[in-house]
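The structure that follows is given in the form of structure tokens.
Just so it is clear, A, B, C, D, E and F label the chains in written order, and each chain counts residues from 1 on its own.
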Amino acid sequence: MAAGTSEMLRALPKGDALVAAQLAGIMAAKRTSELIPLCHPLPLTHVNVHLNVADGAVEIETSAETTAQTGVEMEALVAATVAALTVYDMAKAVDKGMVIGGVELVEKTKDTV
Amino acid sequence: MAAGTSEMLRALPKGDALVAAQLAGIMAAKRTSELIPLCHPLPLTHVNVHLNVADGAVEIETSAETTAQTGVEMEALVAATVAALTVYDMAKAVDKGMVIGGVELVEKTKDTV
Amino acid sequence: MAAGTSEMLRALPKGDALVAAQLAGIMAAKRTSELIPLCHPLPLTHVNVHLNVADGAVEIETSAETTAQTGVEMEALVAATVAALTVYDMAKAVDKGMVIGGVELVEKTKDTV
Amino acid sequence: MAAGTSEMLRALPKGDALVAAQLAGIMAAKRTSELIPLCHPLPLTHVNVHLNVADGAVEIETSAETTAQTGVEMEALVAATVAALTVYDMAKAVDKGMVIGGVELVEKTKDTV
Amino acid sequence: MAAGTSEMLRALPKGDALVAAQLAGIMAAKRTSELIPLCHPLPLTHVNVHLNVADGAVEIETSAETTAQTGVEMEALVAATVAALTVYDMAKAVDKGMVIGGVELVEKTKDTV
Amino acid sequence: MAAGTSEMLRALPKGDALVAAQLAGIMAAKRTSELIPLCHPLPLTHVNVHLNVADGAVEIETSAETTAQTGVEMEALVAATVAALTVYDMAKAVDKGMVIGGVELVEKTKDTV
């Protein structure tokens, strides 16, 4: 996004983009199995969405945890993309040229209790 | 994605990723206002999701139309990202290194009837 | 269903199956576009779900109206099937052999105002 | 349905009815507790939707599994009916006389681990 | 509500407000984690919604149970408020002055098995 | 709520209760027809949720607008109650004695264009 946009994300005409994006990401993670056809519904025990504002960019880092045997990377990726789309929606009136990129899995771990 | 992955998208262990992604994208577009906090619910008259398989990549092009006065770029972007996440989910058992990138608005038009 | 089942639909262990089925059918009709992948979201102006108890059967008649140009037969059919499934769910503790059959479109009309 | 309809289910004007129906059935199973008022939300571990095209008919067989103590027949029945409704929606432009019938529970088992 | 309203809640122009409110409350409880941003999705094992008609009032008592470690008071409170809103919606054509009040947690217990 | 609670609503362990409540109220208003059985789905053109912190209380004022012929008081009331429940959920770790009260319709107007 433009550098000017990243400076005003907390005070856009539509409101605070960072708080809205964080909540939207968390809420979307809970609905992952409704959005992705072959995703199992999982008992999420934790979802975290963190937004870092850089110069002309927002870096979004998300994590998800479950007690189920299956991986929860899709929940974290859904949280990240919906958070990014929410930033886009909040800021699109002031910046027409934003791009969402680099959505990827950073780490996946399994506790061996 | 790996070149080998893009060659087997129609015959993955989980099924045909392209068809699943297309339907998931269309269905997600209809739920945009549930996912993005400040998006208005819009009467969508058309949603199109097209996936092009390239060498080591899938290019996803989406469009959305409404009779409402408001823009529908969020619906098209939601369709694109959920389609991409569905490809990711279908192929993640065979490819751990996929990245979703370059989600952006290509064009927005308004009919002046 | 068994004749004995149809006689006790208003007083099952789980409650009144007819009222639950009517409300479930109406509520499901409103979510048709979420369930059927290529259904447009339509502005429903009226949904009616009527259940007639016969001897060993429940006849369900539904109707739906919209101001949109598109047909609303899917909304009426979704209302009918979810109402039937709700009767099934409410009565399944007392009758294991119920069958849902004959779901069909009876009439489709268009007002030419 | 008409014999001619069953021959063209993979190449209808709206697309491939069998793939759409399979995915719609799976996705609907995950939302059973939202549709049927007194159904408990269950942790589904497996949903299967299989469509067999016969001459002038589609036979739909579904199954569902859970780790919960409660039965999951409603999830399988919801998958079957929404899959059938999706076939209906995809094919209704070419066939006005389709009927959905014979929705019933074939088998219910409980593992005694 | 007016005393006259509480006398006709079972036979309003829109139908039986008490049955509709009971079912709406139960269904809403199952969607608590979709409505309240930071609520975990919980495996509900029991939801109860009871409506008592008094003179010029309806008293709504709800309860919810889960096997999860987390409390389920939000599910019970969502059930109570949506049940109250449904009574309001069913009766608003005959009574413009209804007020919903006194939504509170009565008791929260934890089994120490 | 306790006076001490109302002073810390912007900095609770779970986060900023006022922002979360505002967004939750807006998002819930868009889902009114899913929650209240006989509510029509309406094209909302505007939803406003405003929270005023007083001494030991939060006053929530909401409004909703539609272009449809039907009233939108239910959407405003759903927004208000879900916003209140969200404040409750965010603050319940620090205050066990909160009560939600006085949910009522203040004004309903119709433009005569």
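Throughout what follows, a residue touches a chain if its C-beta (ideal position, glycine included) is under 8 Å from a C-beta of that chain, and two chains touch if they have at least 3 such contacts.
These figures come from a predicted structure and were not determined experimentally.
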| item | value |
| --- | --- |
| Set of chains adjacent to subunit C and to subunit D | B, E |
| Residue-number overlap at the subunit A/subunit E interface, same or different (half cut) | different |
| Most distant chain from subunit A, judged by the mean position of its C-alpha atoms | C |
| Inter-chain centre distance, subunit B versus subunit E - centres from mean C-alpha coordinates, in Å | 38 |
| Centre-of-Cα separation between subunit F and subunit C, whole angstrom | 33 |
| Separation of mean Cα positions, subunit E and subunit C [Å, integer] | 25 |
| Multi-partner residues of subunit B (each touching 2 or more other chains) | 20, 23-24, 27, 31, 34, 37-38, 43 |
| Overall pattern in which the protein chains touch one another (line/ring/star/complete/other) | other |
| Chains touching one another, given as label pairs in label order | A-B, A-D, A-E, A-F, B-C, B-D, B-F, C-D, C-E, C-F, D-E, E-F |
| Of all residues in subunit D, those that touch subunit A in their complex | 23, 26-27, 30-31, 43-45 |
| In the complex with subunit B, residue positions of subunit C that touch it | 33-34, 37-38, 40-41, 43, 68 |
| Subunit C to subunit D touching residues, read off their complex | 14-15, 20, 23-24, 27-28, 31, 34-39, 73-74, 77-78, 81-82, 84-86, 88-90, 92, 96-105 |
| Subunit D-facing residues of subunit B, complex | 16, 19-20, 23-24, 27 |
